[in-house]
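Shared between the two complexes below is chain A, which has chain B as its partner in the first and chain C in the second.
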Partner chain A sequence: MRSISRRDEMSFAEPAALPVAASAPPRLHILNRFSHRFKTSLPAYLLLLPSLVFLALFTYGAMGRVLVDALYQRATPRAPVRFVGLDNIAAVLADPAFTGAVVNNLVYAVGTAIPSIGLALLFALALSRTNALTSALRAALFLPVLIPMVAASALFLFIFLPNVGLLDYYIGRFLPVLPNWLGDSDIALYAIMVITIWKNAGYYMLFFLAGLQAVPEDVMEAAHLDGAGPYQRLRHIILPELKPTFLFVTVIATLNAVTQVDHVFVMTKGGPSNATNLVLFYIYQRSSTTTSARPRQRHC
Partner chain B sequence: MLFSRRIMLGLAIAGTLASALTFPALAEGPTEIDLFFPVPVDGKLARDMGTLIKEFNETHPAIKATAVYTGSYDDTLIKTRASIKAGKPPAAVIMSANFLLDMQIENELTNLDPLIAADGTTKEQFLGQFFPALQGNAVINRSVYGVPFHNSTPLLYINADKAKEAGLDPSKPPQTWAELTDWAKKLTKREGDKVTQWGIAIPCAYDYCGWMMETLTMTNGGRYYNEEFGGEVYYDTPSMLGALTWWNDLVTKHKVHPPGATPGPAVSTSFISGNAAMMMLSTGSLTYVRDNAKFAYKVAFIPRNVRNAVPIGGASLIVPAGQEADKQKAAWTLIKWMTSPEKSGWWSRATGYFAPNMAAYKTPDMVEFLNKNPDAKTAVEQLEVAKPWFATYKTVPVRKTLEDEVMLVLNGKKQPKEALVAAQKAADETLKPYNAETSLKLP
Partner chain C sequence: MKLIGKLFKDAPLATRREITPKLGFALTVLLAVVWLIPFLWMGVATLRPASDGINLMAELMPSLKPTLDNIRDAWEIGDFPRYTLNTIMICTGILLVQVVTITLAGFAFARLDFAGKSLIFYLFLMQLMLVPVLLIVPNLSLVAQLGLYDTLTGVMMPFFASAFGTFLMRQAFEAIPTELEDAALIDGASLLQRIRHIYVPLSMPSFSAFAIISVTSHWNDFLWPLMVINSPDKRPLTVGLSVFTATAEGTQAWGTIAAGTLMVIAPLLITFLIFQKRFISSFVTSGIK
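Here is the complex of A and B:
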């Protein structure tokens, strides 16, 4: 079963490996072989062409432009650009707000990826069998995914309101001092992380549920007959089978940590004192609050 | 069948093309202009703006104005700058009054003097319509760059019911920092170490925090920035040190102010829910408080330590640079209409901002409104002692250097003195290129 699906993947990855090319005589003239190969894969390239054009125009072109622009600077929006070499990069690295944002982002990435993946796995294992109850629970856990991040942040803004918010109303009774969740520079980043975990765990659960479907039933049965306990089955069968899922989810979680800053934008604007500033928000802030890159004293 | 369909299609396309080509030549449509507007305070400003622009379009068939919501004051600056860079600036923007200087330095504003002259009025006559305190942020190098649209000052809001409960007389609100501290102590309720009711709350989030620091510094005799020149701020000064130390004392020493940085909406929610008995907030929130407070409240001047003084806040209408002449003219018509006594008064009643046009307070609607809501008078009276809002080269980053440090103090991470020294150093660094081009560019 699984080997078949693997082979399917292979053929997707190499669309050029058509049977014609494979059955061609091995000792053809090299140029001839090349043109032959090109001819056979021409339709594939033609089909890819539109995407390639757009990728080149809007992705790689823009990236290249950024790399070039990074070497130039203009003092005011209308001033002519001048070449400054690596000055811009040095200025960014010297900015404590940037290094702070990088550290915050690392804490944020690790602190959101691990708990949300752990929770997702836990949910998936608990809800892997399908019946009315687990379906309802799955839907409930998946619900946060359906709420747009901006709306969720606006909701959490009220939940986190100091003293009068939902959280303080309930938890506040058990705490000696009510924390200012988003206004305390020690807590704010963790408050933001909680939202991310709440929002993403259900999404990752979906991947683990799919991954669990691929765990071969016969192997599990055999292990069961051999007297393997639940922990041994998890450790030696389920987790190894889920390895590709782990890899995939980890990549997604890391990407999310770098690319999602909606909640930072809505809830804290990177504050207080840059405590919740993440790299992407820092970039946005820089581009907006200073019209050019941080100006340096350098008059040529 | 197929053939006829093809003909139909061809005709349809040809028709569209023809009408697209000939229509502008045949009938000159209305001049289409965009107005960027922010919603910086609580309330239903976006809906009110829709009502206002609809009325303008109905009464001015030659112009079709579209109101575009652009977020907070800071976001509106970002979006305006982005659209100027993209070569498609909006015809008019409601811009935070203290961003005008920075924009003028960057050549992003249209000088309004020629438009005023074309109307046959003088600058003095034109500016004479508005409260004098507002002119500092609208006039740069003796040229008019902005028209005051809605303005505010900070106010002290008091929950009158709670004050009476604590044995205080809300008709005699605190006038000095000493009295305010005393009130705040009496209005704070505790259960053990836990505070169940705060005496006072002052907002601190990016934008608001700088404004409150200017307010406290001014009432302590200070200036915050050089009103005449955009290259200097006065952070590391006794007047600001006193202001920040007092704010910090309210949090750590007297424990009558919630710790940490609390944004404006959280402060107003706290006040409305009775969790904070007093707050300092913009007059722009007055309508929101009036509509939502289920208790008697009172507004008062910001108490003084050295003198009574407050900065103005709010926004002016500007015309971004690089606008076509006909759109500029249409924008000017819109701006004059929006700042006329009637509309100015209407907007003031809808939002809580005071009307910058003095004649607005002589309209019958406004006289009636003020008789019914005497609290709206306090904001106007406080204008007597109002001064311009800090405006420097790169206003936002220069402001943020102070705000980040103030937040550290309110979170107990730094002492006021070292925070202000750090803020001054960072601000000076940001202002350096401007000084190099101006004050330090020597012959």
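Here is the complex of A and C:
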């Protein structure tokens, strides 16, 4: 309505308007529309503001600073920053401790994701029907999920203790010679994986339990009538139905493999000889040995 | 055999004679027992007297002369009341601010139409991808610049905005019929009044689900507080426990370590056993945390 009347008005008042003059009112008009749109959007922006401030500071800002810091360097904490291009990245890639941590992390990711997802599926299939016993078993399998990784590490520290620890105490009766679980660089990473599997399988089980609810009852009944055995039902009905759950759980398991390093800190500190160093622990170690990230040594 | 038959009595008739599901069930029961062994050891070792010596430390049969000495020692060596208080302060602080930020942002996404809505939505979504833990180094220098190094506020700050919580609340608010809000609108209620008196009270289940996830994940947080906190009296439970474990490990005081661990995890375990159903359903919604 408004735009039509304005154009009419224009054509009567300035019949021979220059193109420049003619373009001015519509632009104003667009501006008007923008300010109008902004005004109606304002309450929403105000509601989003508190979240956006913290996201900007600690997520986008942090990401940006990582990217910038990766390209610059300062020789001493007070020296001016100097653009070094990809030198920092090259330096990290040349550091055998870093590449070692990446390889360890890959082994760790595969070695924790596959067993814990497999176990989670087994648990969910076995406990899919609800009764008092299955509820108790689910709770038992879920308990490790709740406790801090640090607490789990404190317990496993004793389990893996040479000679007197839980594992050696009970297995040692059958096998006379046992390795030093956390002290042997060939075994330590696998010992670390055991904790992760123990801690996460119950969590992934929940998603498979939820996924199993979606398996249609009538298809299962039809399969029973057709005489499909347990493997056939699993292979042709249940697994295809759980595909999205698998994808989802795999993503979470991968994220966990990258972000959970508390047990490395408590149990091995990355050792022996960097055998259990994971990428995030490497980052932590680096940041606590370089002065620039250590605020307590700066005077500000 | 009869017992297993009883367990499978509600299984479909055609599957009742199959052996594989029963084997799977038996294996799961066995593994569930294995899963509980660390907890069992923790309980037994906590009550074991020091006189049993290091060689019996791993014995899972409880001692016949149980003692509370280990708990007393752990209580005296580690400053657990202080650590617990710090952890409670961190968790409540984070949760209180989060509840405000996610309610407001969740409402904006659920009910308001504004310019750049989908762009801002993707900005929020990005937080779910960029896991905060990975940004510990730049965030630590920011916290230091803000003068919050070695403060509990510094530990809390990066978690004040939560994309997961925002999406959870957006979903909850979208499910509330608009008629209720219209009625309040006619009565002249302002935007904040409508959120406060209509949306929030009707979304309590979502708030409690979010609270469970938020509190458990920050109760268990370790690496970030370890980097931010320097003074011993500001340590949260996890950092305190790691220092305590490192000290007690040197003296082979495993009973004390077990007692300390028990004290750290007891509050969460007890709460879980009381609100088991609620915990489980919250964790299912938490896939993205």
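Assume the second predicted complex is superposed on the first by the 235 of 300 C-alpha atoms of A that agree within 3 Å, B and C clash if a C-alpha of one lies under 4 Å from a C-alpha of the other, contacts with A are read in each partner's own complex, and residues count from 1 in each chain.
Heads up, the rule we're going with is that a residue touches a chain if its C-beta (ideal position, glycine included) is under 8 Å from a C-beta of that chain, and two chains touch if they have at least 3 such contacts.
What you see is a predicted model, and the numbers here were worked out from it, not measured in a lab.
Undergrad: Between chain B and chain C, whom does A:152 touch in the aligned arrangement: first, second, both, or neither?
TA: So A:152 only meets chain C here.
Undergrad: Just to be sure I read the superposition right, which of the two partners does A:186 touch: chain B = first, chain C = second, or both, or neither?
TA: After superposition on chain A, A:186 lies in contact with chain B alone.
Undergrad: Name the contact category of A:164: first (chain B only), second (chain C only), both, or neither.
TA: Touch status of A:164: both partners.
Undergrad: Should A:274 be classified as contacting the first partner (chain B), the second (chain C), both, or neither?
TA: The first partner, chain B, only.
Undergrad: Check whether chain B or chain C contacts more residues of chain A in the superposed model.
TA: C
Undergrad: Pick one for A:213: touches chain B only (first), chain C only (second), both, or neither.
TA: A:213: touches no partner chain.
Undergrad: Is A:176 touching the first partner chain B, the second partner chain C, both, or neither of them?
TA: first
Undergrad: Please indicate which partner A:127 is in contact with in the superposed arrangement: first for chain B, second for chain C, both, or neither.
TA: second
Undergrad: After overlaying the two complexes on chain A, where does the chain B footprint on chain A coincide with the chain C footprint?
TA: On chain A, the overlap between the chain B and chain C contacts is residues 157, 161, 164, 288, 295.
Undergrad: If we count contacts the way the header does, which residues on chain A are in touch with chain C in the complex?
TA: Spelled out, the residues of chain A in touch with chain C are 37-38, 40-41, 43-45, 47-48, 50-55, 57-63, 65-66, 69, 119, 122-123, 125-127, 129, 131, 133, 135, 137-159, 161, 164-166, 168-170, 198, 202-203, 206-207, 210, 220-221, 224-225, 227, 229-231, 248, 252, 255, 258-259, 261-262, 265-266, 280, 283-284, 287-288, 292-293, 295-296, 298, 300.
Undergrad: Quick one: which bits of chain C touch chain A in the complex? Just the residue numbers, please.
TA: Within the complex, chain C contacts chain A at residues 7, 10-15, 18, 20-21, 24-25, 27-29, 31-33, 35-39, 41-42, 45, 54-55, 57-60, 100-102, 104-105, 107-108, 112-117, 120, 123-124, 126-127, 130-142, 144-145, 149-150, 157-158, 160-163, 166, 191, 216, 219-220, 222-223, 226-227, 230, 237-239, 241-242, 245-246, 249, 254, 257-258, 260-261, 264-265, 268-269, 272-273, 276, 279-280, 283-284, 287.
Undergrad: Note which residues of chain B are touching chain A in the complex, please.
TA: Within the complex, chain B contacts chain A at residues 74, 77-78, 81, 84-85, 105-108, 192-195, 198, 204-206, 258-263, 265-266, 269-270, 273, 275, 394, 396-397, 400, 403-405, 407-408, 410-411, 413, 430, 432-433, 436.
Undergrad: Taking the complex as given, what residues does chain A use to touch chain B?
TA: 75-78, 157, 161-164, 176-178, 180, 182-186, 269, 271-274, 288-291, 295, 297, 299
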